[in-house]
Amino acid sequence: MRPSFFHHIHPPTIPAVQSRWRYTLGAGGIAIFLMLVLVVTGAFEMFYYIPTPEGAGLSIQTITYLVPFGGLIRNIHFWSAQLLIIVSAVHLFRIVFTGAYTHPRRFNYLLGLALFVFSILLNFTGYILRWDSGIQWALVVGTNLIRVIPLVGNIFYQILIGGTLPGSATLIRFYAWHIFGLVSVTIILIGWHAFRVRRDGGIALPPPSLRTDLGRISRFELVRREVLAMLLTTAALIIFSVFVPAPVASPITQLTSVSAESRAPWFFLWVQQMLKWGDPFFWGVLIPLIILIILVLIPYIFPKPLEAELGRWFPKSNRLAQMTLAFIALLIILLTVFGSLPVS
Amino acid sequence: MTDISRRDFLKLARDGFLYLSGTLTLGGLIRFLDFDPNPAPQTKFDLGPTANYPLGSRTSLPEIPALLVHSEKGFAAISLTCTHLGCTLENDAQGLACSCHGSQFDTGGKVTHGPAVKHLSSLRIEITKDKMLILHTD
Amino acid sequence: MRKLIVVSSGILLLALSLAWWVNSRQPKPVELIPTLTGQPEYCLTCHVDLPEISASHPVETFGCVICHGGERLALNADLAHSTMRGGANPSALSVVEASCGGSNCHSGSEADDRHHTQRVMTSVQSTYAGAIANIRFTFGAQTDLSAYFGINAITDDNTLTGIASLDAFDVTTETNPMIQKFGENCLTCHINAVPREGEAFARQTGCAACHSTEKHTLTTAISYTQCNTCHNRGNYDLRTMTFIERTDHSLKRIDDYYQPIAQFTQCEYTLDCVDCHTRSEAMGDGDIHANKKDAQYVQCKTCHGTVDELPLTKTLTDPNDVAFRMSFLNPVVDLKIGDTIIITEEGEPLWNTRVLSNGTYEMIGKVTSQSFTFRPVMGTACEQKPDEQESHYCHECHALGR
């Protein structure tokens, strides 16, 4: 049989132990699938969305209330995006807590972190495209945070905003980033990330001499598992989206007017909480950057997991890395909880 | 009833579910795309008092586009949209001509030279009690 | 695994069927494109049985959003109502300029007599300037009866009364305890106040305080019962600065109209308030007045004349006369060019009156459409004097018993 792309991305067999749901949680695969769902639902939304300050909010109301299944497509797009952040975080956890970031997978780990950052940026730019009173302050604060960066802050701000103040140029630029600028880079990163999985020897596991269970599953069984995950994810997204609407508020009429909602999107609540403590550059840019840098350095500075302990959860040898990630996660979760409480 | 193996039944069920799902999805996406967010285009045009269009006049109304003719038989209007592929006609020596592909029509709207084959459609004129002209394009 | 896939395919099919089923159960959007805005609105999808608000505001012309605001495309109640002006009442004075005012509506020029919103906002019924000035003067917070404060701050650039502005009355800056009590207990009867609890007081605020006699209606045929949501409701005890509500309730007009202590003539209870009290009096004349008595001027002699003078009249010759506009809005009379009507001392037309050929006069009730014919005082045994126009003079002979 002549080899095809299907054969290229699915090796003839893969180790059975590491292919179990309870090992990988299917997180990486589901993340890629969610990105596909986002591209498809996003493409359909493009038939109705109008990227101007006057048209944006109204076009979203048109999609939500008037277009047949428009509300469903929009809800699926929104919930897939939020689920992607969570699933990506689960995937990051899995990688660190099974030690799957060590050589030769260190570069792929960095690619994955980059994908996480891009997912968050895509989520934020999409959020802004609503251009309603709910996102108003996130737009002002988020872009002003760029300005506080020393030396280059103002230039980056002007490039981001398309002028001196947020307005119609900002919206069209965020639209360009969201549907093309960020997506094109993300697609390249996904391709590279998936390729590196194959090139680095598949799902991380001990070398053959140290393996206890030599069972393997065929490429067809692998595909069956992928199909199952996709079917269940799709069904769950549809059912959830039928009942739980994506947020929508009244369109922005004037960017300086007072709006009731002054909350960051949920994945930035932890930053909003820190910003209450003082200098915006320190708490809003530097600290998050330091956290990212710590994550980047996990494969390089912490004690590495032993080869013999790969392929399973909670190896003892990289405990410090696991605890560091757990600590960072706990911190961010606590900050998120506090950030979501009403400002007293 | 022929016996069907368990495996084949499951395959049939799976394929049936997936094809039906595909149909529902495709149907939904087609309905999604087949929505017009614009308000309906204008079909009634106020042309003003009949006095503005004296007997013998032939008035071009480019915004519709239509030609309003006031003859002894009364008021009549013909569409100025070429019946070939929709360009707006212009006046020329013999009547009306289309600059896109060369179709020609006489002053009454009958096609004289292709590629158009259909004559220009006539549009309904309504005259109100206070002598105002209304053109209907539907 | 294969079985799981079959089951999952079934679940996916169920999910899609659920999506289609929920979609089919959604109410079909009902589109309205009002001629004044040209923009589609979907309010009628839910508000199906709402009656037309008035013959002058047909929904095909106005739609809903031009007065109420709101999100015209939203089919979710919270979002659709989120940007509505004034909640359920767009005529509340805080938003009236944008709603009833608008660019082309009831906030035009004084020359055309179309500056309604500006008139109402400066009227005594909105500012309460006289009551506030009197209380502050009585309890020593000001040394004269001039008006300095109103319920809301207001300015008048073209003042004819000399009062160019009023500051907002702020009870927290008052030091006299009686004035403080006044601020707490006695400010419930001006056009922008939320009324007191109780069915007898139930009304809206803003323009709707008078013009909206039922939910979602606008009318100029305003019955006395509407005025009585504030007027004739009881008495203030100035010593305790409390309001004592009247306790008699009656379904009979003669008993219901005025409080038990009042005296009144047949006109005063058979006609509605709006039959005599003019637009200037009730809605304001565009100037800030310090006291109700400066705004109120209609008297018995306005219609009945005096012993020496007939009432002032005017023959209608101009088809654009405001009298025709008024009678068009409330067609209890079929006013025509050439008709002669009574006018007030300020020139306001009493458009629901007519001078009859035999020297008598006719008034048609604006609310009841009842026709009343009456003679002028001149040539009768009435002892009315031009300088004795307070009601108690007429009541000496003409007061009715209940």
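Think of it as A, B and C in the order they're written, each chain with its own count starting at 1.
Basically, a residue touches a chain if its C-beta (ideal position, glycine included) is under 8 Å from a C-beta of that chain, and two chains touch if they have at least 3 such contacts.
All values reported here derive from a predicted model rather than from experimental measurement.
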Report which of B-C and A-C is connected by more C-beta pairs in contact. A-C
Please identify which chain has its centre, taken as the mean of its CA atoms, farthest from the centre of subunit A. C
Averaging C-alpha coordinates per chain, one finds the centres of subunit A and subunit B separated by a number of Å equal to 48
What's the distance between the Cα centroids of subunit B and subunit C, rounded to whole Å? 50
Approximately how many whole Å separate the CA-defined centres of subunit A and subunit C? 58
For subunit A, residues that touch 2 or more chains besides their own: 62, 66, 68-69, 72
Where in subunit C do residues touch at least two different other chains? 2, 5, 9, 12, 16, 19
So which stretches of subunit B touch two or more other chains? 28
Touching residues of subunit A toward subunit B in the complex: what are they? 44, 47-48, 59, 62, 66-70, 72-73
Residue positions on subunit B within touch of subunit A in the complex are 28-29, 31-35, 37
Under the stated contact criterion, what part of subunit B meets subunit C in this complex? 7, 10, 13-14, 17-18, 20-21, 24-25, 28, 39-40
Residues of subunit C touching subunit B in the complex: 2-3, 5-6, 9-10, 12-13, 16-17, 19-20, 33, 38-40
Which of the residues in subunit A end up touching subunit C in this complex? 58, 61-62, 64-66, 68-69, 72, 221, 224-225, 227-228, 231-232, 234-236, 238-239, 242, 245, 248-251
